[in-house]
Every structure is written in C-alpha cells, then in structure tokens.
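Read from first to last, the chains carry the letters A, B, C and D; within each, the first residue is number 1.
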Amino acid sequence: MRRNYVRALGAVGLAATMVVAAGCQDAGGGSNEAGGDGKCGGKVAIFGAFTGPNAGLVLPSLNGAKLAFKQFTEKNPDCKVELKEFDTTGDPTQATPVANQVAQDQSFVAVIGGHFSGETKATMPIYEAAGLVMVSPSATATELTATGNKAFHRVVGNDGTQGAAAVAYLKNSLKPSKVFVIDDGTPYGQGIIDEVKKGLGTVVVDSDKVQTDQTNFDATISKIKSSGADAIAYGGYTNEAAPLLKQARAAGITAKFLGFDGLYDPGFPAGAGAAAEGAIVTCPCLPAAEAGGTFSADYQKEYGQAPGSYGAEGFDGANVLLDGFKAGKSSRKDLMEWVDSYDKQGVSKYVKFDASGDVEKSKVVIWAYEIKGGQITPKEEIKLS
Amino acid sequence: MTTTTSRKRLLNGLSDATGGIGDRFRALPKWQRGLAFLAFVAFLYYLPLLGIPGLTWLRTDSIEGGNNWAGVLFVCAVYVLIAIGLNVVIGLAGLLDLGYVGFFAVGAYSVALFGSTQSPVVKALQERFDLPQGWAVAWAICIPIAIAIAMISGVLLGWPTLRLRGDYLAIVTLGFGEIIRIVVRNVSWSGGPHGVAAIPGPEGAPSADNQVFGLIDAKPWYWLALTVVLLLVLAVRRLENSRVGRAWLAVREDEDAAAVMGVYPFKYKLWAFAIGAALGGISGALFASRQGFIEPNQFNAQLSILFVAMVVVGGAGNMAGVALGAFLLAYLPERFRDFAEWRFLVFGLALVLVMLLRPQGLIPSRRRARELKDRAEEVPASV
Amino acid sequence: MNFDELFGHLGQHTVDGLAKGSIYALVALGYTLVYGVLKLINFAHSEVFMVGTFTVVGVWSLLGATDSPPLGTLLLLLAAGLLAAALASGLTAVAVERIAYRRLRRMNAPPLIFLITAIGLSLVMSEAFGLWQGRLVVGIPTVLERDVVFSIGGTDVTNTQIITVVAALVMMAGLDVFINRTRYGRGVRAVAQNPDTAALMGVNKDRVIALIFLLGGLLAGAAALLYALRYGNTRFNVGFLLGLKAFTAAVLGGIGNLRGALLGGLLLGVVEVYAATLTQSNWEDVAAFVVLVVVLLFRPTGLLGESLGRARA
Amino acid sequence: MSDQNPDVTSEETPDLDEIRSSGPVPRQREVLLDVDHVTLRFGGVTALDDVSFSLYRGEILGLIGPNGAGKTTCFNVMTGVYRPTSGAVRFAGQKVTGRKPHQINRMGIARTFQNIRLFPEMTALENVMVGTDSQHHTSVMGALFRLYRKKVKPHELPVVDSTNGAVRIWQQVRLGCAKVFGISRHTLEERAGERKALELLKFVGIVGRANELARNLPYGDQRRLEIARALATEPKLLCLDEPAAGFNPAEKEELNQLIRRIRDLGYTVLLIEHDMRLVMGVTDRIVVLEFGKKIAEGTPAEVRDNPKVIAAYLGEPADAA
C-alpha cells in the first residue's frame, strides 16, 4: 500500500512539475528584440519551394535575394540585415506554420515571397494580420491582388498582364489563324490560359487540359491535329511541357509553340531537346543583358550560372526592402508604408506598386524568348498596346 | 551466425524493454493509471509552450528555418486523428484503405464549400435564395455537414466495394482517393485548381480580429485539435471494447469464420468504413478551418500512403501505437529540416528500417486481458 | 463530350491506346508475377521501372547517342539500351527482394508490412534519383525518328507503336512459354500453388522467388526502353503514376494472371485515350479508375480471374 | 445452462436408451435438418451428387466417408459457404439455401472447422464472446453513446466492497449513478456475454486459459475453444468437423464425453469424423458418403456391416483413413 502512495506522489509531482514548467514558455520561440528602435537593419524571411520538383523555378529568385543582401552588407557594414530561408516545397500546408513562425517572431520585419500562388494565397491573411509586408518575386495569379489584401506586393507582372502580352505577341508577331490552347490544370496554368482565351476570342479553336506528371500526350496530339491549329499556347511547367512538345513534334505537328514563364527554365530546352527549337517563351522578366547595372555579371560571378527565371525579380524584391532599411525604416509598419510608396528603377523593371499591390501595369516589362540551340535567348520585348 | 543471433537478441531486448514498460504500466492499479494518463494529457496540453530546459530542442522552431512549433503540433494532432480513424479501418477491421485522403478531402471541402463566402457553392446559394453577400453556413453547422458527407461517401464507396478481397479493395480505394482529387480539381463548383480561400474557423471567417482562433497564434488551434483527438479516442475506445470492436477483430482475423458465428461481416465492415470516413472528415474539416485555404493538390495519393504508413509503423490495431506513428511521421520531417532535400530519402530509409527491425510496429497491438483474470475464478462450478 | 473526335478517328485512338497500354502491360506483368507467387503488392516495382529508364539515359549518353543516328548505330543503341535497362531493372528488383522482403518473409510478416517496406524503399529510390538527376524531366535523344509505317483509313500506325506493341506481345508470349513449358516455370507454378508443398517437393523457394523478381525486373527494363523510345523523357517520379496504372491494369485483368495483365494493360490504355479524347486529358485517370471499379463490381477477381498457379495447369 | 436452448424442453430431449434399443430412429420424430437432393458442381467436378438425408432433433448423426468424399463440402453447403447447384437444405422447416452464413447461424446452425479457424489474435474469452454476438441488441451508435439505459435488477448493481476510503467513495458514486440512471444495455449485454463465455469455457474445460490468445493455446484446447465458440451462438444444431483430428486416445475419450454432454444439454449434433471408434461409440445414426454420393445410412451397427461401406474403406487400401 505504502509503495502505491509513493508512486502516486510521484505522479502528482510530475504533473506539478509540468504546470510549473508551463511558466517558462516559448523558450525556443525566438527573441523579442522588436524592430523600430531606430537602429538600422532588420531580419527578413524568404519562403518558397527551395526543394521539390519546381525548385528550379524558385532557386534563382532565392539566389538573387541572397545576392542583394550580400551586396548590401558589403556596402553598408553598419546596417545589420539578415535573410532567413524557409522552405515550403511550395505546399500551402507547410507554408502556413512558416507564416505563423515569422508572424510571431517580432524580429522579422518583412517577407519576400511567396513564390507560388497557392502558398501565397494560403499565407497572405496571416502576414496581413501580423502587419508584415510581402514582396513576391514570382507569385503571378491574378486573384492574389484582387482580395483587398494590404500586405501583398509583387515585383512581377500578373498572369493577366502576361496573358495579354502573349495575346499581343500572337496577334502581332506570329499571326496564327488557329490557336490550340493547353493548360495543366494548376491555378497558374489555367489562369494564364483563361486570359489568353479571353484575349484571342474565336482564334482559339480547341483546348485541352493535361495533368501534372502526365507522360503520354497521344490524345492531346490527336486533338491538335484535328483542330488544324498553327499555334499552340501552353500554360504550365516544364515537366509536362517538355514531353508534350517532344511528342507533338515527333508526331509531325509543326505549329508554333508558345509557353509562359513556367517554362522559362533551362530544364525545358534540355528536356524537350531538338523539339524545343523555335519555341517561344514569354516571361515578365528582363533578359540578363538588359537588366540594369551589373546584376547579371554579379550573379554569374556569384553562382557560376546565368540568372534563371526570376533571378532579377528576387534581387529587386530584396532591394525594395533593403532600400527601406537604408532609409531608416526598421519596423513592420514603416516598411509596409515604405513599400507602398516605393518608386525606383530596379534591374528587372521600374518598380512602383499600385493600390492593390501589383507592380504598375505600365512598368511591367514582358519579353518574348526563343529557344535557339538549346538556349533560351531573348527575342523581343512585347509591347502592350 | 553470431551476428544474426546477437542482432536477434538485441531485437528481443528492444521489444522486451518496450513491452516491459507496457506490462508494468498495465499492472498498476487502475487509479494510478488514470492519474498517469491525466498527467500525460496535461503534458500534451502544455506541449506548445514547451520550455522545460533540456527539452526545448524538441521544438521545431529551435532550428534555423524551422516551422512554428504550435503550427506543427496542430498538423501532428490532425494526423493523429487521421491515424485513429484509419486504424479503425485497417487495424481493427483489417480493410486496406489506400484512399483515405479522399475522406480527408471530403471533410475539408465540405467546410470550405459551405462555410467560405468565396466558395462557388455559397455564392450559388446566395443567388438562389436571395441571401446577403456575407452569408455563409456557420462553422458549427459545417462540421456536422462535413461528418455527414464524409460518412455518406464512406458508405457509398463501401457498399459496392466491400465484397472485394483485400488487395482489390486497396486499389479501388486508392482510385477513389485519386478520383476525388481529380474531380475537385477539374470541376468549377469546387473552386477548381484555385482552391477555396476564407474558410471559416470557430470564430467565423479568418480575420485579424478573431480573438482566440486567430491567424497568427496556432496554439488555440492545437488545443482545439487535441481536445477533439482526446474525445474521439475515447469514442473509438468505446467501440473497440464493445461487440462492435469484437466483431471487427473477428472479421479481420477470419471473415468466413466470423460469418458462420453469426456476425454479419458486411455490416461491420461498412460501419468501419463509415466511422473511419467520419473521423477522416472531421480531421479534414479541422485542417481546412485552420488553413483557411485549401487546394486540390494538397490531397494527393502520396498523402494516403503516408497515412497508411503512420498506422503500420505505429502498430496497426493499437491506438497508442498509431498515434505515436502519426506523430513521428508528421513531426520528424519538420524537426529534421536540416536534412533539407535529403529528408524524404531519410524518411524512406527510416520507414524500411523500422519495418524490417520491428514489423509489428512501434507499439504492437495487444489485447487487453488482465482485469478478467480474477473474475474467471468466480464463475460457479456447475453449469 | 467530343464524340465527333472520338468516332471520327476511332482507329487512330485505338492504336494510340494499344501502344500506350503495351507499356502498362509489361510493367503490370511484374506486379502480377510477384502477386501470383507471394500474394503481395510489390509497390517498389514502379521504381524498378524508373531505374530502367535512367539506365537507358545513362547508357545512351555514354555511347554518345544523338537524334536519328544511322541504322547501325541505332541497332547498337537499341541492343545496348535493352540489355542495360533489363539488367539494371532485373538486378534492382532482385535487390529489392533481398533487402526488403526476404527477411520479412522469414518472419511471416503480414502483407501490410511488406507494403509499407516497399513504399519506403520506393521513396528511397525515387528520392535518390531526384537528388542525383534533379527533379525536372531528363530528355532522351530521339534515336528512332517516328515514322508512319502504314496508314489505313486515316489511321496512322507508326514504327514506334508497332515496335512497342509487338515487343510487348513477344515478351508476353515468351513469358507464358517460360512459365508453362520450362522446368523453372514449373517451379514457379508449384510455389504459386502451394509454397510449402513445393518446398517439400524439392523446389528451392528462395530461388524461385528471386527468379520471379528477376523476370518482373527484366520486363520492366524492357518496358523502360520502349518508354524511352516512344516518350523520349524520364523523371525521378516517372514510376509512381505509371506503376499505379500498371497495377490497376494487373488488377483489371485479374492479378496473378499473366494474360490478364496483358488484357488489362491494353484495355486501360485504350480506355484512357478514349476518355482523354472524349473529354480532356485530365479526366483520363478518373476514367481508368471508374472502369476498374465497374469491372471489379461485376467480376470481383478481374476480367480473367486470378491464378498463376492454375494458369494452364 | 439448460435455459440456453429454450426451444428444447426436457420432454423433447431424446432418451438415450430408447434410441439405442429401438434401432433406427422412428420416422415420427421431428426432422430438424433436411438435406434434400443436394448436388454441387465446381466446373466439371461434382462434389456432391444428389445427397439426401435427414437429421432428427436431439440425435447425434455421424457423417463419414473416405477423404474427399464430400463431407466438409456438405457442411459448407449447410452453413451457406457454398450454394448448391440443385436441391435444397431445410432447417426446422425453413429453407437454408440462398441465405447468408450469418443468417443461417442465427437460424440455429453452428459449426466448427476441420482446420481450426479461431480468431488467433483474440483471447479465448473474446473468441467465445464473438459467438454471443447474435444475442446482443446494442447498435453501433448504442455502443458509442451508451445512452439506452435499463432499470437495473438488484443483483446487477455494482458492489461496494473496498476497504480503501477513496475507492469506496468511488464505488458508492457508481452505485448511486446505476440506481438513478440505470445501466446501459451495452454494459448489461457485455456482462451477460462475458459470463456466458466463461461458463462455456468452463464447460469445455479451458476456463483457466480464458485470457490467453487463441493462437497460443495448445492444439487440443483450440479444438475445445472452437466448440465453446460454436455453442455460444445458441444453436439448435452443432456441426463438428473432425473434432478429434490429431487427438491421442485419452483426448478422444474426453471428447467423446464432451459430445455426449453437449447432446444431453439438448443439442442436436452432426459429427464428421474419421476415427471409427469415436463415431461408432457416440453416434445414434451414421450417413456414409463416397465420391459425393450417399452410399449408406443407418445405425452404427448396420453401417459397420454394410458391404458397400466396407468396400469403400477397406476395398481400396490406398484411400483408407
């Protein structure tokens, strides 16, 4: 009997310890060195799919941002800035706890991201509630700026603009009589193709939706053949576009192929091989050579490769915030206001945001690139009329 | 030869150690076990605040780029709920369900489509019945709707397919999960690939003004999920320790023999499916409420497989086991983010190793028995 | 519903579907062989196929393959690719059995455990290739230019399609002969029917099981070559969806039944192409699974019923 | 135990001596089971060929025959595992054919299996309790919420017996609750089932192993457990499929006694058995099958002397059991 009491006492003691231990909360939850105390600098979180199948699209942006931070620190050793990476693999489920983490840690004063539209959509209410400004280098879904969210800004044109540019390019340069449109059923692909359909009207003769990880495109190819289209517009990513284009060319389809920034990835010509030759890829990103200043060369030097998709946007996004730090803004509130009123030439475009957080339409630069000799080479800037 | 024997001895030692703790625990008087259980529950509630020196490294935010601890705990709790539901199907009734994510999705989408002001369904209802712009079904009503729809889908899936044998059932359920995902993605009334945002929580639509279940602090969400988990654990325990649980086990062990003993296998299998589906629906509903935004690709077949792995790694049939399995499988990849791209490879390796070294699961299922021992002697000698 | 397109080119779609289904069928044979003998789903088989496709990539780039090489080089490439892919896949499959299954078999573990082990192993394999080869599509040179060999009533039949279908049929027939006519095949059938009795009769069960995995792997390797020829791309996770479909095909035809796997694969391929034509390509998976469910409702053990042991006993 | 089978009053229970002395059971006895021209074909194989026999209430009928004669197949037809190609099985005047196995069980036919088919991962007690399932009325929701409560008879109330103060108070509270709110049907049925299962385990002599997993029981106890489980379904007819297989003579004698005790309780027994001594010793009548056909029927003595039976068993030594 006695031993039982001892045991019971032990159990009660354990419970008591826990209750007491509850006193020391959140030891690991980050320090509360709140910004806004006038000192220069601050901590910025960047989140996105840094691993996973589409990491190739996101990593240049991360690298661009890192480069911007590095250059800033070199130039302003007194201003302590820090960039923390949070990998979400592009999955909204994983992006939400990241957002909670960043929002609760008062030392973060701004966010670069999200890189994909899904994770952005899932987390922007959280960042808005925390008063954290978001500067996204590559989330292009039109709806993101249509919700009235005050935190979200992007230094990239949205799908609407890009779709319109693609329409303009098709109408003015390729001049096809029949267009076949394909999307991959992702918010990005479908969104942009919807814009193209709207813009082209009856020139679009038929459409198909493929799905992620599809490898056989016989049915799509038959449809393209029967439609007699002389141009194909594809909204989606490399993993499906490369095999599709390859199979289509093998099946004797000679129609012009037009893709969007999801294909602005060295993996696309590599995956499609010779079939990719002559394919057009539009991207709201400046060609390296056109990018202002020494960005392209610096990037090349730092990472040993040319800046891929959104490298310049990542750089610009980071610089929007870094300029704020330099101007003495170091609280969430100040930075939010800073970004809202930002007005300066960046490397990818002239950066100025409208009320909804989109970069001003007139400032969006969209380029058409052509695949030549397995390289994505700039062709011409698309003028939005 | 020596290596195999030593390895065997090591393994035996391992299972003796874990089993020993279990045995010693079971041997304790009931009230002490109750007290220990209460202490454990208290610890679970305390977990998001974890600050005991020496244990803080457990927190997922104790590492560079780590996720919010309470947020991760919430996901763990949801996965535990899923594992408990799936355990009814796989562990108790012995039905291999590879499409459990379908029910999870049904639950999540039920709340999203009825509760969010942005959902096409709510918009259609507004138009049809002339309701004001901000109208949507209240969260408290969405949850029972989610459970009901999940249960109905469970019955609809089970009714035709439960007469199929194990492996056929597996592939059909896998197909079901994929069909749900693809349909939701391809049709417009579900929001299509764009998903649904503004999914309400207990306090209504996600907003910075919410006092308890807000956007930033995940702790209340975790406590809510934990409470739901504990309530449902008790509920499933009640089923397990009744004629229903016995019938499930009998059907799992030998369906024909059970039928010959007067148990109608189909009925109990269908119930297992429906109850499993309901639990999946609840977890989906919780998940969607907390996320505030869902999209179809979150509910892919890989997730289904992860769910099954949680159940099997933990020890199918044992609720403590599957809960542990779920917790570990949700938690470890988060805690060990340092592995970065390697973490799924490591995860796969760990899965293989655990199964090879401990095929019965981390905490194997064991039938309760002890309490009866003394009662057996009380039976009158004459029959 | 685009019935005009479907019926306007019904022949074309059928041929496309058959070619697509042939690859399913070859991979499905691997599932069916293992299931027929061990009564377990070898979930890692999809990665065995994936390994095969990457082997083709590796060997061809080693041999400096380019688009449309001359005939002699082409034949060399095909032979080397087939040999290497079949070998790599076969050995991978045997390794899977040794690492993941043999120990569990000795312990008489329940099928669920095998399933999870296999899932873990396939995760390891696909992740390893994802880390090594990147997560984007890897292009494979088009060594065999697609060419319309003959055309009947608007239905173009291409060389790759003929090669795929014929190769699948030949290998299928070869396997059938091997299982039903040879001494090794008899051992396989004996173990499939009753492992314990077979062991008593002097059949080495472990050898037979290793043989089964080897055969399945060889066929998956061959399928990998055909896949590389026809699709010209591969990816670290190419196995998952294809494996899923192949397994569906095996179940559709009656798992454990070799001819069932062929029938199921072809049927599934045709159904998918029809469905994608009728609606849009993103509905083809739904169609595949709906067909599976409907077939199983009326024939609970698949179209041809299951039985490797009783196949032509 | 006698209240287990309310349909069988003690008057109807056959008198052993009467049966023995009067030879073949007289026709006027009530037919419990009627196998009526049953034929069963699998593909080209005829497993049962026009088999007919009747089973009378209260008797022990032996079903014998060489290996592969169709005895177990016959059981499977009777318990709904197979559907006969033609013919019918009637039980207590109702058609068995076409019903599902659990329905047939609830009509009153219980069986054991030739190759023991217990629920290996459940305890012996639970195995038997599965058999009591048909006597439970708790629904799934009832088991979950346990809201349907019954007024409790005095002997069903929880006892207050602890000397420990805290525990005693707890027991008092439980007693009070039970008095005010009653006890849920689930609990009452569960207790009844457990009690009954323990009684049955005692009856077959393995009550000491009630808490062991079925797979851990010795072979003989597994056989006994199967019988207890079958009895738990409150059958009118108990079908035993080779219960003595693998038994030594001492165990066979115990089984002999057990079968007699079962019959004495008012059950009708159908026994498939290879062991001739056991069959001849315990049965009232015997039906002999060979190659799916009935070749003889009669008292043990008649069957023993039947030339066809002798030929079946002895004529082909290779087939002899």
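Basically, a residue touches a chain if its C-beta (ideal position, glycine included) is under 8 Å from a C-beta of that chain, and two chains touch if they have at least 3 such contacts.
Predicted model, so just to flag it, every value in this text is computed and none were measured.
S.K.: Can you check which chain pair, A-B or A-C, has more C-beta pairs in contact?
M.R.: A-B
S.K.: Please indicate which chain is farthest from chain D, where distance is taken between mean Cα coordinates of the chains.
M.R.: A
S.K.: How far is the middle of chain B from the middle of chain C, if each middle is the mean of its Cα atoms, in Å?
M.R.: Taking the mean C-alpha position of each chain, the two centres sit 33 Å apart.
S.K.: Centroid from C-alpha atoms only, then distance chain A to chain C, rounded to Å. What do you get?
M.R.: Their C-alpha centroids are separated by 37 Å.
S.K.: Could you grab the centroid distance between chain C and chain D? Build each centroid from C-alpha atoms only and quote it in angstrom.
M.R.: 49
S.K.: Give the residues of chain C that touch two or more other chains, as numbers and ranges in rising order.
M.R.: 240, 280, 282, 285
S.K.: Spell out, as numbers or ranges, the residues of chain A touching 2 or more other chains.
M.R.: Residue numbers touching two or more other chains: 185, 209, 211.
S.K.: Which chains touch, pair by pair?
M.R.: Touch list across chains, by label: A-B, A-C, B-C, B-D.
S.K.: Using the touch rule from the top, collect the residues of chain B that touch chain C in their complex.
M.R.: It comes out as residues 90, 96, 160-161, 163-168, 170-172, 174-176, 178-179, 182-183, 185-186, 301-302, 305, 308-309, 312-313, 316, 341-342, 344-345, 347-352, 355-356, 359.
S.K.: Over in the complex, which chain B residues touch chain A? Could you list them?
M.R.: 28-29, 32, 35-36, 38-39, 42-43, 46, 49-53, 56-57, 59-62, 64-72, 74-75, 182, 185-186, 192-195, 197, 206-208, 214-218, 290-295, 297-298, 334, 337, 340-341
S.K.: Which stretch or stretches of chain A touch chain C in the complex?
M.R.: 52-56, 185, 207-211, 213-220, 222-223, 226, 238-239, 242-243, 246-247, 250-252, 265, 267, 270-275
S.K.: How about chain B: which of its residues touch chain D in the complex?
M.R.: Going through chain B, the ones touching chain D are 31, 235, 238-239, 242-244, 246-247, 249-250, 253-254, 256-265, 271, 275, 317, 365, 367, 369-370, 372-373, 375-376, 379, 381, 383.
S.K.: Across the complex, what residues on chain A touch chain B?
M.R.: 4, 7-8, 11-12, 14-15, 18-19, 21-30, 50-51, 84-87, 91-94, 96-101, 103-104, 118, 121-122, 125-126, 128-130, 141, 143, 147, 185-187, 189-191, 209, 211-212
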